[in-house]
Every structure is written in structure tokens, then in C-alpha cells.
Amino acid sequence: MKLIIAFIKPFKLEQVGEALKSVGVSGMSVGDISGFGRQAGQTEVYRGAEYEVDFVPKIRLEVLVTDDLASVAVDAIEKSAHTGEIGDGKIIVVSVYDAVRIRTGERGADAV
Amino acid sequence: MKRAKRKLLMGTALGALLVLVVASPAMAQEDPGFATQFVLDNLWIFIAGVLVFFMQAGFALVEAGLTRSKNVANIMMKNLMDMSAGVLAFALVGFAIGFGGSELLGGWFGWGLGIAGVEETVGDPLLPATFFFFQAAFAATAATIVSGAMAERTKFKSYFVYSFFITALIYPVVLRWTWGGGWLAQLEFPFSDFAGSTIVHATGGWAAMMGAIILGPRIGKFGKDGKPRAIPGHNIAFVVLGAMILFIGWFGFNPGSELLADEFVPQLALKTLLAGCAGAVTAMIVNWSKDGKPDVSIAANGLLAGLVAITAPVGAVETWAAIVIGAIGGLIVVFSVSMFDRLKIDDPVGAISVHGVVGTWGTLSIALFAVYDDAFLGRENAGLFYGGGLDQLWTQLIFVLVHFVWVTVAAGLLFLAIKATIGLRVSPEEELAGLDVEEHGSPGYGHDPAHVGSGVVTAAFSGAGREPVPTSEGGNE
Amino acid sequence: MKRAKRKLLMGTALGALLVLVVASPAMAQEDPGFATQFVLDNLWIFIAGVLVFFMQAGFALVEAGLTRSKNVANIMMKNLMDMSAGVLAFALVGFAIGFGGSELLGGWFGWGLGIAGVEETVGDPLLPATFFFFQAAFAATAATIVSGAMAERTKFKSYFVYSFFITALIYPVVLRWTWGGGWLAQLEFPFSDFAGSTIVHATGGWAAMMGAIILGPRIGKFGKDGKPRAIPGHNIAFVVLGAMILFIGWFGFNPGSELLADEFVPQLALKTLLAGCAGAVTAMIVNWSKDGKPDVSIAANGLLAGLVAITAPVGAVETWAAIVIGAIGGLIVVFSVSMFDRLKIDDPVGAISVHGVVGTWGTLSIALFAVYDDAFLGRENAGLFYGGGLDQLWTQLIFVLVHFVWVTVAAGLLFLAIKATIGLRVSPEEELAGLDVEEHGSPGYGHDPAHVGSGVVTAAFSGAGREPVPTSEGGNE
Amino acid sequence: MKRAKRKLLMGTALGALLVLVVASPAMAQEDPGFATQFVLDNLWIFIAGVLVFFMQAGFALVEAGLTRSKNVANIMMKNLMDMSAGVLAFALVGFAIGFGGSELLGGWFGWGLGIAGVEETVGDPLLPATFFFFQAAFAATAATIVSGAMAERTKFKSYFVYSFFITALIYPVVLRWTWGGGWLAQLEFPFSDFAGSTIVHATGGWAAMMGAIILGPRIGKFGKDGKPRAIPGHNIAFVVLGAMILFIGWFGFNPGSELLADEFVPQLALKTLLAGCAGAVTAMIVNWSKDGKPDVSIAANGLLAGLVAITAPVGAVETWAAIVIGAIGGLIVVFSVSMFDRLKIDDPVGAISVHGVVGTWGTLSIALFAVYDDAFLGRENAGLFYGGGLDQLWTQLIFVLVHFVWVTVAAGLLFLAIKATIGLRVSPEEELAGLDVEEHGSPGYGHDPAHVGSGVVTAAFSGAGREPVPTSEGGNE
Amino acid sequence: MKLIIAFIKPFKLEQVGEALKSVGVSGMSVGDISGFGRQAGQTEVYRGAEYEVDFVPKIRLEVLVTDDLASVAVDAIEKSAHTGEIGDGKIIVVSVYDAVRIRTGERGADAV
Amino acid sequence: MKLIIAFIKPFKLEQVGEALKSVGVSGMSVGDISGFGRQAGQTEVYRGAEYEVDFVPKIRLEVLVTDDLASVAVDAIEKSAHTGEIGDGKIIVVSVYDAVRIRTGERGADAV
């Protein structure tokens, strides 16, 4: 199994979710993060003083997949999250040692 | 002092007077000076009523702020509805019970106020419409106090039913016995409660107590060891804003209870002001010494305690006494809040302490500090400290006791009846999840659906239905 | 009843009177009784105006609460500015158009109110300053209603321009035809609208409708299947607090429209109170049956609907009728909100329903329930249910129709003109990100820069500029 | 115009009059017309006082909104307490210092107001109770202004002490010299400040400046390069709501300063309204041109600036001049806020600019625009633009200078004394963590303990104590 | 060492914390996430319009453990987070390459 | 490639960010978490009742680095986040199977 971690632009979440579903991924976990990278934050003005917001809001996805689904799922994320502009984000794939579905106690690939 | 006459008038003879007024139109309109005074009296009491209605916003904010965000919509709804339904209930039946044509058996005035009677344009001094408007604002206050103590675990439907009955029945009976000229006003030494420390506030406070007891505490309020655990409110800014709005409203509540525009109004306002400030400062200092840090919501409770305390004696006492009475109110509230915690009665906002306990203190304080002849007292220097002896103290004790018994029994039966029929408390699951979604359909603080997934992701990842029934079904691929 | 005279006076002859007043200083000052009544009249209407201005805070909160947090600063700014700019626009031109010296061709009164005229200290009954103050509060109300329906997608600059024109032109023309003594007041059976269900509220409501139509719905409001999707508001506490403030303000709006301090004021207040409460309770019950759960913001809309409904008929109808009219207002608003959803007109706050649709209902209700001779009616028992026949119904229908046509056409042209020039709607990117940063420079709910990285991290990780232009440039190491 | 007489009366002779009143009870009560006017005068000033007290909620919200959420409880507490303690301090000593029996050496009136004097029921025109109530509301205003500039870094205890002294001493001395009939009122061309642009607002503003200077800026306010960095406020909705409440309160502040119910009240209200609106619109436009985007909180500051500016000249100038004076106030505030940023004086809410700088502008504007004989002027056409020459300008300059010196020196010494004893500023750790928990025990926005771990997890994972002392101890398994 | 990542029902956090402690785990890091999976979100009604809340709030746990503790810890989570209903969540175990305790600079198993 | 996960004290974020940048790290993703461990939460008082806040707010960092940068980056975090007091937090290093830069589709080390 693989754990796919992706940092994407927030408004892409819907499309990424659909893309994952269409390749057979059955679930995911999503959180808000602040991204630092090449894409700079915004310059804002408040009461006459400019300030840089130094981070860019991003969405962090975690998707647990079986080994055979991993590359399709990565491709699906890559395509659906792509805009071509700076800040599209990254996908990181990590090998999973074991997985459990808490409800049933299933382990390994069955847990996915 | 000549105030006595006016207030007595209101007290014992009001019902009769109103009936009279309805029968005999058009007086008082000739002399322009008099006519203007008449308009001024009515205009002022109407404006005072508006200030009292504004207190609804204050109550809503204090309660919302002292509870958790997952219940905020429910709390605002309760406060909106106890006012709206309460005013209608008071118009339909409550007012008649409270102030209807006294001795006259059949001659009730005010049944279905909506239908008749308040369209008269004369009155002495108040028009029926003015008097009803002001009294309706008071009735709404009595009702809304209960909400806070029952917060975060009461079914909305049940709250709505309760709310109807307190303004239609429980509070009006108190009115009848007191301001309505009933038996407590006809004792040799009649009861005294100028603006309602007991009549309004303790009615709310004791009903709140019964509600809190019968409901039981919120999940998590008491640890396995039985020790109270803090459940911090989600918005202290709302609490203080609410308290400040209540403070403003009190300048309608107390000075408006003069029921006239006269030269005593500013004095009533001044004593109200000083008592409130003394309550806030005292509560803060006492709480600071007791717990090591000055809690903001306790200081806000202290402000309200000072105001509740002075509500009964405001007309009868001197200015310095107002400060003392308010300060003692602030002192009491600090210990009372901790006491109810220890008694395992869970009152998230301190309503029982502020309105019940301190309201009782304010009422009794008359027996100590009364110097002016005001609000049914019928004599000067009635207070113990002014040589008035214990006469007034017995009366005040009877008054608060009878009142306590009536309200706790009536409200207790009401809550038990609701519990036995439609149920009083939400399920533990709902309580943990918050009442907003289950009771009202959506959360009080909605999130932007464009932010975390907007709609279509649902379609992608979820089946048709909801979480509900346990299922033993296996994997999900 | 003697009220008719006073209101008629205001209606048909006001412009002329004011002109007269300016010309003839110093009357009325001799008799002390009269002088005090004069001061009281003016003081009360000024205070009523203050209550109406307070409604601005209510409108701001209701709108802010029913929309998303990313637009909250923009919404507060719009509400601040439609008041500020609106009052100035009304002072410079609107007031003159609305109430200027009637028949007299050249004799406009009120152009550039800032410069002359209001410094007179006599008037009958109202000083020019008092009358203007009260009317300016009304003008600001008409303007601000529109804001809610156009929320979350309108350019601030465009809103500002629109806001100027509605108070400078669209609303004043309505005034001229009606309260200004124009043709609708001169029909055989003149129009009747005591405090402005149509004149004020429906002006805002129909302009809001045109704004919402011409803007189009918010992104995501309607699914690909065309079905309306909920976009939950971010703060229901604000919504209910706002509604309660509006409720309080209405006690200036309706009773203040008496334009005098007299014995009818408390009755107007009472009918306002009961109608509002009936609206809230009815909307809640209807919505509960319809959707299975009592929505909090719909109940708040119901309160406002009851108040809008009674605004026109409040002087003419009996107390029981006020309850009925308010209740029907509450009923209408529930279905109207759903109807506009189905019509794909996206009104986040329900402004079109509350002010446009229910305002129209309130105006028409006079033709059914009017019994007293009030507000231009010129006769008692004008209502259908009191044997008055259909005369008043035709008039009221003409009135609301002509008004509807004028406002929709004028506001429609105005919005189209703005759209064609400076543009009406923000870019989709801005709409998704929220208007606060792009329109006003920083978010309404700022985060503590000390919390997630404070400044220097920027320098470390980011290039000089902003996200902006797409770039094909590769890796970043 | 006959206003001059009335205000002068208040000015120079008030102290004496009050003493007189206390001595000679019962006049004025015979003629019903007169009696009603007397009640109306007192009722109106009491209501105006209530409106001014409502401003406390506005100040609290503006300050809370413009600062960070981690300090919100502390900010609300400060605002609650500067009012509560301030009113008591003013009652005990401040009022006596400000208005005590003038020339008469021993004849102070008002010491320990709580104990004597205000219980009289006659007065001309105001009852002692009414006058005190109104003045106490003003004193609370002066005190609360300071809070904003010192926000987010001041020890609560120290703020509480300061707050006592400003209402007990610093502000009362200003009163004594001015409205109390002191030397500034006895100059050949006496000072003029109708409702307190300098006396109230600049007292708060300059004391705020000293506080901000002596405290130093918040951590992170200025970069290593010395450039000001924005620390965005956490709730712009609160800011605008607060500003709107202040706007409403100002209709008590300015028109109430007439100290009578007369025909000038609505005019004072109208000029207040127009100046405020002009301030908001001007600040918005200027800020928009200057910074590229219209900042919401600057527009709110502009509204307040317009109101502060017109506070002194409102009685003396024409309506058009009110608009000009308000607009210039709005213009000044934009540049002043940036100026204090550049001077490295950290004022999170702009209090120094709005109340100090613009208050001074408003006071000086009298010397330019005064046309009516009002508020101590003693003559018509005193303004430069009306041919009055420079006489009034010298007086006004002396007035604002002497006032500036007194307030900065007295407040400076007070703050230095507090700093040297109990300390003025919290520790950097506390400042970074937010004041709520350390000063008051728990956060202003509490989280639901049921949400992230509820209590028992603590027991599981943590040792008994707190984070505290550094420890060199190793691993934790 | 292993890094155990678990998505659980929020109200189970307390019990899971206790269970972990009882098997000798000394710390954990906890965050809020939105979970998508078989368990559907709630249907809510707002102003007469129904809408699906498409995610379910979950708690995300991260627990760093030594290899020998890993399976006990996984079992402890599984048991304490179990309700048997849909949406109980998943446990994912990932091998850790290295770990550091910042305070002491300890590396590897000592850092846990 | 390695994925470095670190739990640090919030006020150290700025310094850690600078330290990472100075050793050549080009981006990171940051989120808020609640930490449980040796460092106890605060005791607060609310309306007369004491209560323990059982968690300590921490910042969670994720940094994707190439293998050669990994140990320098870990050292940089360790040094810059260090105070020597309890609660300084942990650094966890996990091996990455693959990584993608969404914008360009680059894989492996190029994606970092």
C-alpha cells in the first residue's frame, strides 16, 4: 500500500475528489495547511500599512491506496490539480507498512 | 415625598382604573399643559418599554457567549422566540390574569388584548396600550431569564412550550398577587418591589433553577469525581456586549417603573447606575481575591447582579444605600455561582444566581434600607436601619417565600409535564454534536462550502443517506 | 378619531407648509404649554429618527451573518457607506426632490440642505431640521435594503455609486408622488402607506431584486442541475442580534411616522410589536411544517416580515388585525424565499421577500382591514372587511404597481448603466477568494501574524511579488 | 439667537446654581406647563445620558475588533471596568472637583455624591441627579478612550488603577477650568467647546498618547528596519458595529449637551449627523486615493472623526460648516493614523488620531466658523470667516495648549508612577500568548472541551504541573 | 520506529488517548481533518434548501513509537476507537527512517 | 527523497523557516496541531472552576527534501527550534517513494 500526500490549491479539491473517485479510490482525508514555497503570499494593506501574508492557503490530502492503484491515483491527482501556474503543489508518495480498518479490524490491502 | 401616592395608585387600583378608563373616554384633553404631560407620561413609558425590549438582545448575547459555538443558533432562536411567543401569550391571556378587573368576578379586562380594549386614547396616567406595552416587555424578560440556565441541552420544542406557559400563566399569577393589587398588596404592611427584583427577576431565576435541576447537568460538566469542570463559553465579547446592552435596558426597566414622567425618574436612573457599577466592581474584586484572577464573565454577572439588586429598592432607598445594595449583590453572585456548581446544578450563565438569589437579596434589602414612602410601602422610614423595625422584614420574607414556593412548584410541574410528554432533553449524541444542526437544520457558524469541498465531492464519495443506523457491513471498496 | 387631520396635513400640505415656515419665523413660542408640546413633538421625532438610524446596525448584522466570513468586511463597509453617502446625497438633492415646494415651479425647498433652510427654529409641528433628520433616516433605510440581495459579488465602487443614486433620485421620486403630496395623494381615493411598507421597504426590495437579477447568482448557488444549493451564513448570532436591533428601530420607524408626540404613539408601538411577534411565530411554524426543522434565520426574517407588513397599515387597522397582518407577512416570507430560490434569483438575506413582497402585502392589507381614518385615507371604514368596498383596493393596487414599475425600471437602468461602465460584479477569482482582501486590502477576520509565521518567513520563502500572472517557468530549486 | 443665555448660564454659574438649588427646595412646581417642561428637560437629558453610556459598548467593540482574538476578553473587561470604576470614582471625588461650589472655599458640592445632595427634586433646569448622570456618562467616555491605544500589552491591574485616576482627577480638573466655570471660562474671550471635542475627547486622546508612548509598541509592530508592520484586527464586523453604536450614542452626546429640551436639539442632531457622514465619506475617499483601497476600519475612524470634530462647534456653526468641519476631520484622521505609525507610537485603534488630533481640530474650527452666540462665546460672528478676527483663535489656541500640557503631564506622571510601582506592561511571553489567559484565567473565545480531548487525556499524558521552569531533564519515556 | 497515523471519530479521542497511555505511549500529536469515505456527511436544511455536508469531521492522530511498541499501539487504537459503525476510520503505519527529540538532540529510538 | 515531519513550538516557526531556507530548502507546508506529551497544558480558571487544558498548541511542519539535503535540514530544524525546555518537540524522517511537482509533472528529486 501507499500513502499519497498532496498539497493542492483549495479550489481544486472538488475536481481532485472526482478524479480520485473515478479511478476507484474510495476515501480520503483532507486538512487545511499554510504553504510556503515559490508562490508568494499576498500583499495586503491595513490602516495604511502594507504587509505580506507570507503563506498561501493550501489543502492537504491524504489518500491510502493499494500498490496497484498508486500510480493511477497519483496521475489522477496530478491532472485534476494542474493549472500550470506557480503554486500548484506537490504529491508525495510514501510506502505503508501496514493499515487497519478500525470498524472491521481488516488489515493490509483489505483495509483500504 | 409625594411619590407614594402615585405608585400606590398604580398598585392597588390599577386594574379598576383601567376598567374605568375603558368605560369613560375623553378626559384630560382640555388643558394644553395637562395634555402635554399626559403625552409625555405615555411617550416616556413607551420609550422605557423599548429599552426593556432591547434587553432581549442582551440576554441572547450573554447566553450565547457563555455557551459553546455548536449551540449558538439554538440559543439565539430561543431568545427570539421566548420574546415573540411570550408577547403573544401575554396579550392573549397573561395580561388579563395579571391585571384584569380585580374584584369584579366576571369583569376581566384584557383577555385577548389583540381583540379589544387597547384602542382607547385616554387613561390616567397611562393609556391601556402604553401600560400593556411596558408590561409585555417585562413578561418577555421573565421568560427569557430561564433560557440561560437550561442552555445547551433542552429540546427547542419543549422550550417553546415552556416559554408560552411562563408568560401566559406562571408570571401573571405573580403579577396578580402583587402589582395587580392582590393579597400581597393588601397586607397590613404590604409587600414592596418597585420594579421587580422578585416579581420579574426571581420569577425567571427560580423557574430557571427548576429547569436546570430537572434537566440535569450538561454532559461533561461534572467529572467522575463529582467535581465541577469548566465548560468555557465561546465568546466573551458577546457576554460583555450583552451585559452592556442589559445595563442600557435597565434604564428603561427601573426608571420606567415609575409609570410616569416625573422628577423622580433621573434619581431612579442614578441609583440604578451606581448600584450596577458597584456590583461589577465588587464582584470583580471578590472574585479576584477568591480565584486569583478577575474572570470577565463574573464581572459581567456582577454588573447585572448590582442592577437586579437595586430593582426592588430603587425608589425607597437613598443613593448611598443603592451603592451598598448593588455591591452586596456583586458579592453574593460570586459565591452563589460557585455554590450552584457545588450543588451540581448546572447553570451555564449564572441566571439562577443573578436573578433568583440576588433578586431575593434586593427585595429583602428594602426591609433594611427603606426610607422613602414608595412602591406600596405606605410609610416613610420603613427600613430597619431607619427605625422601621421588623414589620417590613416579615412582609418581605413572606413575599419572597410565597413567591419561591409558587414559582418552583408551578415551574417544576410544568417541566415535569413536558418531560413526561414531549421530553425535555435532547439525546446525548445531539448534545455532543451541538443542537444547531439537529434542532434547526444547520450550524450557527456555517463554513463556506467553497472552502472544503463544495458539494460535488459528496456525490463522489458518499452514499445517498446519512450516517445513521449501525451496520455490520464490511469493507468499502 | 382625530388623527386623520394631522396626518393629512403632513401628507398633502407638507411641502407648502415647510416653505411657509421658512418664511414666517417665530410663532407658537408664547404659550408655555404649547411651547413644551412643540419641543416634545420635535424631540420625539428626533429620537424616533435615532432609533431608525440604529436600524443601520441591524441591517449590517443581518447581512453579515447570512453571508460568508470572507466577505464580512465588505458587507460592513457597504452598510456604513450607504448610510454615510446616502445621508449626504439626500441632503444635497434627494430631500428637495421628495419634499420641495410642491406646486410652485421654481420654489424648490431643500436643495443643498447643508447650506440653508434647516436653521429655522420654528415649524408646525416639526422643525425643518427635525423633519429632515427623520426623513434622512428613512432614506438610508431604503438604500441599505438593497445591499443584502447583492451581497458577496458586487464591486464596492459600483455599490457606492448605486447607493448615491437611490437616495438622491429613485427613492425621492417615490416620496414626491406620495408623502410629498404628489399625484398618488391627490387621487379621489388617495393611496395610503403610513410609515412606508411600499414607499421605503418595497423601494429597497424591488431595487434589490433588480440588482440580484442583473448581477446573477453567486458562484455555486445553483447546481449543474439547476437546483438551489444552500450557502450557509457564517454567523447566525449576528443575524438574530441584527433582527432584534431592527425590531427596536422599528419603534422609531412606525410610531415616529406619526410625526407628532400624541396619544396615538403607544398604540402604533403596540400594533408594531404584536405584528412583529406574530410574523416571527408564524414564519417559524410554517417553516417547521414545510422543511421539518425551524430555521433560525427564517424566523428572524419572519419577525422582520411582520414588522414590514404592519408598517403601512399600522395607523388604520385594529389591534387584532395587526396580528393577522403580521402573521400573514410571516407566512408569505417563508414561501417567497423559496420562490426566489426556484426563480434562480439569488438573494442571500431574503431582502426581496421581506421588503418587496411583504411590503406589498402590507400596503394592500389596508384595503382589507382599514377602519380608522388615517394616513391620507380621508374616511373611516375604508377596508373591504368594514364595508368600504373595493375603492381603496384599486388605489392600493395602482399605487404598488406604479411604484413597482418605477423602481424596477429606474433601478434596472441604473444597474445596467453601472454594469456597462465601471462594471457591477467582481471577477470569479475575487468572488471565490472573498471580497475583503481585493476590495478593501485585508480580511475582515484577521489572523494573528504572530501565530502562523510572522513576516520574516515570507522574506525567506517567497519571491518579491504576488501570485499573479500565469507562468510557464519550471522547478523552483 | 437666544441660545447663548442658556448655555452661558450652565457654564459660568452652574456650580453656584446647584448649590443654590440644594438650599432652596420647591420652586417651579406650580404652573403645569412649566412643570412639564421641567420634567421634559430632565427626562431628555437623562435619555441623552443613556445614549452616551451606550457608547461604552461601541468603544469596547471598536477596540476588540481592531486587536487580536487572544486579547478579546481583556479588552472587554477593561471597557466594562473603566465604566464601572470610573462612574464610582467620579461620584466619589471627580464630580466635586469638576463642578463643586466654585469660589466658595469650603462649599464643595458633590463630594461622595453617593451620600448626599442628589436626592433633591428641584433644580433649574436640571436636577442634580440628572446633571450628575449626564456628566458621569461623559467622564466614562474620557476614560475609555485611553484603553484602545494601550491595548494588547497593558496589565489589567495597572489599567484599572489608571482608570480610577483619570475619572477622579485628570478629567475633573479639565472640567473645573472649563465647564465648571473656571479661568478658561472667565477670559475676556472665553474658550468655547460645546460638547467636549477637547474637554472630553482630547483628554482621552492625549492621555492615550502618553500611555502608548510610555508602554512602547506591541511586539512585532515595527520591523527590524523600523518600518511599521500591520497587525490586523480580528473582527471588522465588531469595528463597524461599534462605530455605528458610537454614532447612535453621539445623538445623546452632542444634542444632550444643550442641557435642556428645546428647539435647538434637532439642529444639533442634524449637524452631528452630517458631520459624521462627511467624515466617513471623506476618510474613505482620501484613504482610497492614498493606499489604493478603501480600508474599512479607516472609514469607521472617519465617521468617528467627523463626529469628534463637530462636537465642539456644533452649536456655533451653520449646517454647511458642519459638513466641512466633519469632512476635514475625516481627512485629518487618515494622515494622522499614518503619522503616529511613522512616529513609532503604536495605537491599534487610532484613538490618538480620532480623539486627540481631530478633537483639537474641532475645537479650533470654532475660531474659523463660529457664527451663532453659543457655548461661552458671548457674541455672534466670532469666527474668522464671519469677520470675528483672531480673538477667538487665540483663546482656542490657549485652551487646547493648556489642556494638552495638563493632560500629557498629568497622565504621563500617572503612567510613570504606575510603571515604577506595580508595572505597566505584561511580560513578552504573556503578550505573545495573549492577555486573556494570564490576566483573566481563560481565553475569550473558549473551545469546546468535548472537541479536542476532554480532560481525561490530560491526566493520561501530562504530569501534574504546568510548563513552567526550564528543565534540563532528559527523555520522556 | 514506526509512525502511526490514525483517522478516528472525534468523540473517541479521549478513550484512544487513555488506551495509548496504558500501553506505554508517551505522546501524540492531534489535528482536525475532514474525512471523505463510505460514511456520508449530514443532510442539512438552510433557509428551505437542503444540502449535503460532504465531509465528516474526524480527528487525525500521529503517534511515533518504537518498533516493539508498534503493534501493541495499533491494537490499542483499534480497540479503543472501535464502535462497529461505518466511519470508524483507518490506521496507517509507516516506517520511520530517523527521529530526533529537539530538546536533547537524542536520535532514533531514544527520541521517541 | 525524505519527508521531514516536525512538531515545534509555534513561536519558533519564523526561525525554523529562516534556518531551512539558509540550507537550501525551497518550501514547506505548515499546520496547527494539538500536542500531547510530557509538557502539560495550562491550568485555567473559568467562573470559579479550575480546568486543565490538556494539550499544548504546536506547529506541524512537513518538508520534502532530497536525500543529500535531509540531514542538513534536520540539523537546521533541530538547532533553530531548540530552547532546551520540555516541549521542544520531535523531528520524524520518513523515506519517500516518489514525488511529483503538479505544475510541471516533474518526478523524483526534480519535484522537490
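Letters A, B, C, D, E and F mark the chains in the order given here, with residues in each chain numbered from 1 onward.
Rule of thumb we're sticking to: contacts are C-beta pairs under 8 Å (C-beta built on N, C-alpha and C of every residue); 3 or more make two chains touch, one makes a residue touch a chain.
Bear in mind that the values here come from a model prediction, so they are computed numbers and not experimental data.
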Considering only chains that satisfy the touch condition with chain C, which of them also satisfy it with chain F?
A, B, D, E
Please check whether dropping chain D from consideration leaves the other chains as one piece, and if not, give the groups.
one piece
The B-F interface: which of B-E, A-C or A-D repeats it, judged by over half of the contact pairs being the same residue numbers?
A-D
Comparing C-D against B-E, which pair counts more contacting C-beta pairs?
C-D
Rounded to the nearest Å, the gap separating the Cα centres of chain B and chain C is 32
Cα centre of chain A to Cα centre of chain F, whole Å, reads 18
Separation of mean Cα positions, chain F and chain D [Å, integer]:
46
For chain E, residue numbers touching 2 or more other chains are 11, 17, 26-28, 30-32, 34, 36-38, 44-46, 51, 55, 83-87, 94-95, 101, 111
Touching two or more other chains - residue numbers and ranges from chain B:
31-33, 36, 40, 47, 229-230, 232-233, 235, 291-293, 295, 432, 441-443, 446, 449-450, 452-457, 460-461, 476
Tell me, which parts of chain B touch chain D in their complex?
1, 31-34, 36-37, 40, 44, 47, 51, 68-70, 219-220, 223, 229-237, 239-241, 243-245, 247-248, 251, 255, 261-267, 269-270, 273-274, 276-278, 280-281, 284, 291-296, 299-300, 303, 318-320, 322-323, 432
Which residues of chain D touch chain F in their complex?
432, 437, 441-443, 446, 449, 452-467, 470-473, 476
Counting only contacts in the complex, chain F reaches chain D at residues 11, 34, 36-46, 51-56, 83-87
What does chain F use to touch chain E in their complex?
2, 5-8, 31-38, 55, 58, 60, 74, 77-78, 81-95
Residue numbers of chain A touching chain D in their complex, please.
44-51
